[in-house]
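We call the chains A, B, C, D, E, F, G, H, I, J, K and L, going by the order they appear; numbering starts again at 1 in every chain.
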Amino acid sequence: MANSPTVWVLNGPNLNLLGEREPDTYGGETLADIEKRCAKVAKQAELALEFRQTNHEGELVAWIQESRESAAGLAINAGAYTHTSVAVHDALRLLTIPIVEVHLSNIFAREEFRHHSYVSAAATGVICGFGGDSYILALQALNNIISDEN
Amino acid sequence: MANSPTVWVLNGPNLNLLGEREPDTYGGETLADIEKRCAKVAKQAELALEFRQTNHEGELVAWIQESRESAAGLAINAGAYTHTSVAVHDALRLLTIPIVEVHLSNIFAREEFRHHSYVSAAATGVICGFGGDSYILALQALNNIISDEN
Amino acid sequence: MANSPTVWVLNGPNLNLLGEREPDTYGGETLADIEKRCAKVAKQAELALEFRQTNHEGELVAWIQESRESAAGLAINAGAYTHTSVAVHDALRLLTIPIVEVHLSNIFAREEFRHHSYVSAAATGVICGFGGDSYILALQALNNIISDEN
Amino acid sequence: MANSPTVWVLNGPNLNLLGEREPDTYGGETLADIEKRCAKVAKQAELALEFRQTNHEGELVAWIQESRESAAGLAINAGAYTHTSVAVHDALRLLTIPIVEVHLSNIFAREEFRHHSYVSAAATGVICGFGGDSYILALQALNNIISDEN
Amino acid sequence: MANSPTVWVLNGPNLNLLGEREPDTYGGETLADIEKRCAKVAKQAELALEFRQTNHEGELVAWIQESRESAAGLAINAGAYTHTSVAVHDALRLLTIPIVEVHLSNIFAREEFRHHSYVSAAATGVICGFGGDSYILALQALNNIISDEN
Amino acid sequence: MANSPTVWVLNGPNLNLLGEREPDTYGGETLADIEKRCAKVAKQAELALEFRQTNHEGELVAWIQESRESAAGLAINAGAYTHTSVAVHDALRLLTIPIVEVHLSNIFAREEFRHHSYVSAAATGVICGFGGDSYILALQALNNIISDEN
Amino acid sequence: MANSPTVWVLNGPNLNLLGEREPDTYGGETLADIEKRCAKVAKQAELALEFRQTNHEGELVAWIQESRESAAGLAINAGAYTHTSVAVHDALRLLTIPIVEVHLSNIFAREEFRHHSYVSAAATGVICGFGGDSYILALQALNNIISDEN
Amino acid sequence: MANSPTVWVLNGPNLNLLGEREPDTYGGETLADIEKRCAKVAKQAELALEFRQTNHEGELVAWIQESRESAAGLAINAGAYTHTSVAVHDALRLLTIPIVEVHLSNIFAREEFRHHSYVSAAATGVICGFGGDSYILALQALNNIISDEN
Amino acid sequence: MANSPTVWVLNGPNLNLLGEREPDTYGGETLADIEKRCAKVAKQAELALEFRQTNHEGELVAWIQESRESAAGLAINAGAYTHTSVAVHDALRLLTIPIVEVHLSNIFAREEFRHHSYVSAAATGVICGFGGDSYILALQALNNIISDEN
Amino acid sequence: MANSPTVWVLNGPNLNLLGEREPDTYGGETLADIEKRCAKVAKQAELALEFRQTNHEGELVAWIQESRESAAGLAINAGAYTHTSVAVHDALRLLTIPIVEVHLSNIFAREEFRHHSYVSAAATGVICGFGGDSYILALQALNNIISDEN
Amino acid sequence: MANSPTVWVLNGPNLNLLGEREPDTYGGETLADIEKRCAKVAKQAELALEFRQTNHEGELVAWIQESRESAAGLAINAGAYTHTSVAVHDALRLLTIPIVEVHLSNIFAREEFRHHSYVSAAATGVICGFGGDSYILALQALNNIISDEN
Amino acid sequence: MANSPTVWVLNGPNLNLLGEREPDTYGGETLADIEKRCAKVAKQAELALEFRQTNHEGELVAWIQESRESAAGLAINAGAYTHTSVAVHDALRLLTIPIVEVHLSNIFAREEFRHHSYVSAAATGVICGFGGDSYILALQALNNIISDEN
């Protein structure tokens, strides 16, 4: 798949513990499980996949910057930084590729402080509330847009 | 498809004019175009489809109530009533099936008064910003959940 | 009871589903059950009763206007329109008869967005939190006022 | 009426002057007049009545605590403490009997600072705007609930 | 006047009762009186006139949509929906003709909740405070703009 | 026109530069052009005209005071002082003649800080958004009121 | 001075410690010192003086009520209850005599939470910032009004 | 009185019309009447008096600056500039003499936008609500402080 | 322990019912139990203990004032007055000894209106969330400070 | 102490400079001094101690996650991240052990932006204002809870 | 320097007293001192200098308008009008030359009401906090831009 | 330049991409270009220069701490952390050297969420809006202050 377009999937803080953390809210699937499912979907769509997680705001910023060199599309679940990081917002504004904001839970039905997102204003679209399926739908959405462009 | 589960897709005010209205924001596809695409996807998933549009808040409320009798899942683009209708919110709270909030545009990147949704708090998930594809992704999301349940 | 004064009881959106909807909050009684209890109380008080429900804001406005011709008192449970309808507020301001705002649940102990009522500022009094009994108490309150006036 | 259930009616600051104070808003009836009417209604319903007034927040708190020993229901017009007293709110939360918040005037149609009530969130229901009749309706509401429980 | 440009005048909830409702605020003229005056002015300006009233938000939305086919200009007094309807706002945004927001009273000198208008942001201009004359001035304003364009 | 009633038209800061300033928003007409058009309309209506402009808040206050001696009506475009001057508001409150607030642009469709007006609460009516025509419509509105009074 | 009009001076919580408490803000004079000065001024003005202090909100309410029987004027320094007591506000609203709000310090130049006063809206006038002299000026102000009335 | 300390009394916009303007709120006394009464009081206290009025914010600022050369105390009724002028606030902060804020009416019992004062935070004390007597009391307050200092 | 330093522990409204009230939030220990534990700890630290409870704001104020005569340190659980009492705040500001604010529950994790404390701004430190242990920790904290000072 | 339960103490940004930074607010003790005192207390309580500091939000998140493997209790002074970090909040919510929020100074008596804590809502209790002693008290509090559980 | 580009430096209210006013905040330099320093810098940069001060908002507006005829750049310290004058904002919006907002003190580190500037939104850049040097840096900034343009 | 005072210039997130990112807002100069220009200016002023960039909040905090050992002045462009980082604010408060806040664009004329800066309250002054020149002006400002001190 050497010359396939690559889709990046970036994950923010605490998502490394998925499957252990508040399973009522987030489900029992781990981040590795989701990565596997994403890889399968990407393969079918003939897309390469770059899948990462970090707890560091600065690293997330750096990765978004780095994606500019190779990504055809970006799916991002910025976790808690969704709600606090102007730096992530600014980095996303540097990209010209399609960006999909992803969340496992429906953040708009949770605490008040999770209703505002600094990612949304820089994103093409938002998908949230479907657990691990949110990622799969995001890859499909990106694939639609990338295909349309070509 | 007599005994297939039925998915309802309900549309609120001004969506009947889709394709004419602010094409920069909403794209050139009409609501009939979207309905056709939805029908095709539904057929593949062996789902029946009930697709409607109204400008009346009260009619939207009545349809949501009516869906309780036959729907296995509901996708709703409540248009402007998204931001103002407690009545739609209350009607959605009556349902026990999965509900997907749909928007053509990324409402969180538009005017301030479109950032709050009375639909979100009663929905399973949200998909917005992908034009007509938002509906297709919503049907896929509903299908995933319906299939999981069976 | 041809020449008896008539009391109108108007009900807003989703109240047609009473008994099915969130029984923990609203109880198991249906709107028809409540209408029957109201009819009985009205009869004892030698009042005629006009009892209606609608999901449409515009129809609620029209009925309030219509009540001006025959009503000696009005009890109104505007449901969700309580919190959003300036039109209902304006229509109620046209009346010179006593108006009682009714709610099944104690709206002031529920979500923040249910704490403000456009009906209150145009009403004589408010009764809420007693399930179907709220209606009965409202009829008694109206009867007290109507009797005092005569 | 030794073994009848007892209903407590507690009144807050300035209500001792009822009948003198802003008669346009509150009517000409005195608190003693209202107590007499309540006693009559209680007797018919075979309830004992405990009726008190105080200007002291601390005393109101103490009486609410005291009611726990004997009351089957509580009607409370906390007057100005309605809007400012977290202590009254906390005391009411200690009770497991039905509580009815009472006001002579429709507080929701008066000054902004009277729209919020610390009593409401701890009460079963609210009755306001009917002058002295608000108390009578509250006793009926309490009687309904007490009867239902037995 | 078959081929004259047509000017639409749309009226929202409760305006059907004009002349009866709060005459101190709105004057004693009925909506029919105003329609007659508008017809006379339109005739002098060689404009056709389409004059309607509804209590329904959805119908108001539909009429605004409908006006796109024939109107050269639109005057709208959305009544209470002025302050609550994003749906009316969105429908008006679909028009490319001049739009004049009309009010009988000076809404900016009334209650706080009447100070914000969802119509204003989509209108060419605003005229309010002159009773029935507000409509006449609106027709003159529309006529000026239509004449300028031709 | 010695004994004709006089109409005052007062203009606030920066309006002396009309025609140069942001022509997209305000049009290319100068204040002198508008004065000429006003004079013509006034003559037809047999009204005398007093037309002035100042950049000084204090002078605007003084002129409003002065108008009390001779004006039968006042049209005022207070420019930026519309949004900041309680002193202008207080001066206008001294008048008993009809007052029309005028703006060239639709201030309610511009920046947030232009949505509040200290003039509105003291004015009979508001006309805005019609460029120089706003003044003509204001004179007509004043003439209607003055004629009605006589 | 048996038949002289009586002026009441009521003091709220913590004022009994005057002279010890934050002397930089309140000065070194005790409440007894101020009472003596007030007595002297009252005597010159041929007024009787009733001077009291309490830490209890309920007692302050009761004293305000009591003053209705004999006071020709009331000066009140409600201390901290100035900012929190709706009950004091309601009691003051019962009076028809002139009321002067008094403070030792200029409360408007202190912490934000001292800028709002529930006393002001029920008072004839306000005097603050002059230490013990505030009381003397208040007595003079009351004497002026009482003399004018006679 | 050549070497007497001088007290300045400065008046802001619209106060030149005192006696004509809203007499229910401000009383029938003119500013000249008040000046005469002040002159008399000043003479008794062996103070010289400088008494001025202006509608211009800039002039008020200049006079406050000028007072630094000769004034032993300043009484200021900044009228509407009280609520809007940071420039007046800054000028007052330049003074080291006692400053008394004066208002004819009780501004804290009027419209919300009159509750905040930019003068208060720079003043020694506040006197309001006593009509023309507010000025007399202010002169007495200033005299007390000036005498204490000497 | 005649000459030991004394530590005061003051308790506000409803704390007399500890052990009965919402045991999930506050635990099953009574206030008497806590007093006993405090006495034991005080004894070990060679401190005298003054332990009191009241439902009256005024009495709490008076006790804080009284503590000035003998206390070496003060622990205060002002209960509901924590959130509403400026009078308690002012009284605490009179003290020069260390003050520890105590709460049984973690008030910052409860309802919004319990997040603000008028006690905090006048306290040395805050200890909350440890049930009865909060008192023990507060005594230890006070003992540390008192020992350091000596 | 191989098998002792371990207590973690985590410190956020700038705490490495303790003793140098604003000694008036934070005291002269260094973080190493505090660690030594904690070690001593832990030893007495037969607890192992893990004591760390970081300036990185992401590292703080990672350490909180890591503590899940070995900690019996956690004391956390998140420094500035207390007020801004939803990521820290989310990580703390993953823990099931007792958590004590610690601060050297009384944050509720400092700048407004330090009054809100994202740590509080996820903590068992809060201890602040006692300098280095806050840590000691936190260890005691944790020890009480851990002992109770065993 | 007849044909040199001219730079205008405009100063608002109270700046004429520089050197006397709150020297801790603003330094001991007078406005004349600053003008001299500016003249020297302008000369080196071969720029003409127009340096003015006024206490009048209207005059500041007029000068900004006047600058349009000859200025190549504008430095403005609008003093208190920075925070309150929409008129100054509007006048600045008329200019097409570079505008530098200047302040002696760091307004963002002072009182809350000095944090908002109506000048900023119309300015190229902002320089504040360096005393008289702020002006020198502003001239250098303007010179850089003017040189770049040529 | 071994013994020259050193000036530190610290840059926050995304500034490493300068020249690529939104050139309309930030210009085409890269951060390396700016560093070169700074080095030249520093050399002329006989200052050593330490110039760094990081995407990590924690690293920025660490560098600010580190600067305490050698810096004579600090210029900081904290990028997005300007608006969100209390940790950066706290670190800056540790410094006693002059601090200049720098921004390429005029942040006060951009989105609302960029108007508040946690850096400002800890800085000597602010320079923004001049692209790369902002840095040069900041170095000059620092040099002025450093020279004055010596």
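One rule holds for everything that comes next: a residue touches a chain if its C-beta (ideal position, glycine included) is under 8 Å from a C-beta of that chain, and two chains touch if they have at least 3 such contacts.
Keep in mind that what you see is a predicted model, and the values were worked out from it rather than measured.
Undergrad: Touching subunit F and subunit K alike: which chains?
TA: Common neighbours, subunit F/subunit K: H.
Undergrad: Among B-C, G-H or A-B, where does the F-K interface recur, judging by over half of the contact pairs matching in residue number?
TA: It is B-C that repeats the F-K interface.
Undergrad: G-H versus D-I: which interface comes out with more C-beta contact pairs?
TA: G-H
Undergrad: Between copies subunit B and subunit C, are the contact residues mostly the same numbers or mostly different, with half as the line?
TA: Here the answer is different, because the shared fraction of interface numbers falls below one half.
Undergrad: Whole-Å distance, subunit E centre to subunit I centre, using C-alpha means?
TA: From the centre of subunit E to the centre of subunit I is 65 Å.
Undergrad: Subunit C to subunit G: how many Å between their CA centres?
TA: The computed centroid separation for subunit C versus subunit G comes out at 47 Å.
Undergrad: Please compute the C-alpha centroid of subunit B, do the same for subunit I, then give the distance between them in whole Å.
TA: 56
Undergrad: Can you pull out the residues of subunit J that are in contact with at least two other chains?
TA: Residues 56-59, 84 of subunit J each touch two or more of the other chains.
Undergrad: Taking the top-of-page definition of touch, could you list the pairs of chains it picks out?
TA: After working through each pair, the chains in contact turn out to be A-B, A-J, A-L, B-C, B-E, C-D, C-E, D-G, D-I, E-F, F-H, F-K, G-H, G-I, H-K, I-J, J-L, K-L.
Undergrad: List the residues on subunit G that touch subunit H in their complex, please.
TA: 100, 106, 108-109, 115-117, 120-130, 133-134, 137, 140-141, 144-145
Undergrad: For subunit D, which residues are in contact with subunit I within the complex?
TA: By the definition above, subunit D touches subunit I via 56-59, 61-62, 65, 84-87, 89-91, 93-94.
Undergrad: Which part of subunit D faces subunit G closely enough to touch in the complex?
TA: Counting only subunit D, the residues touching subunit G are 12-14, 16-17, 20-22, 54-59, 79-81, 83-84, 113-114.
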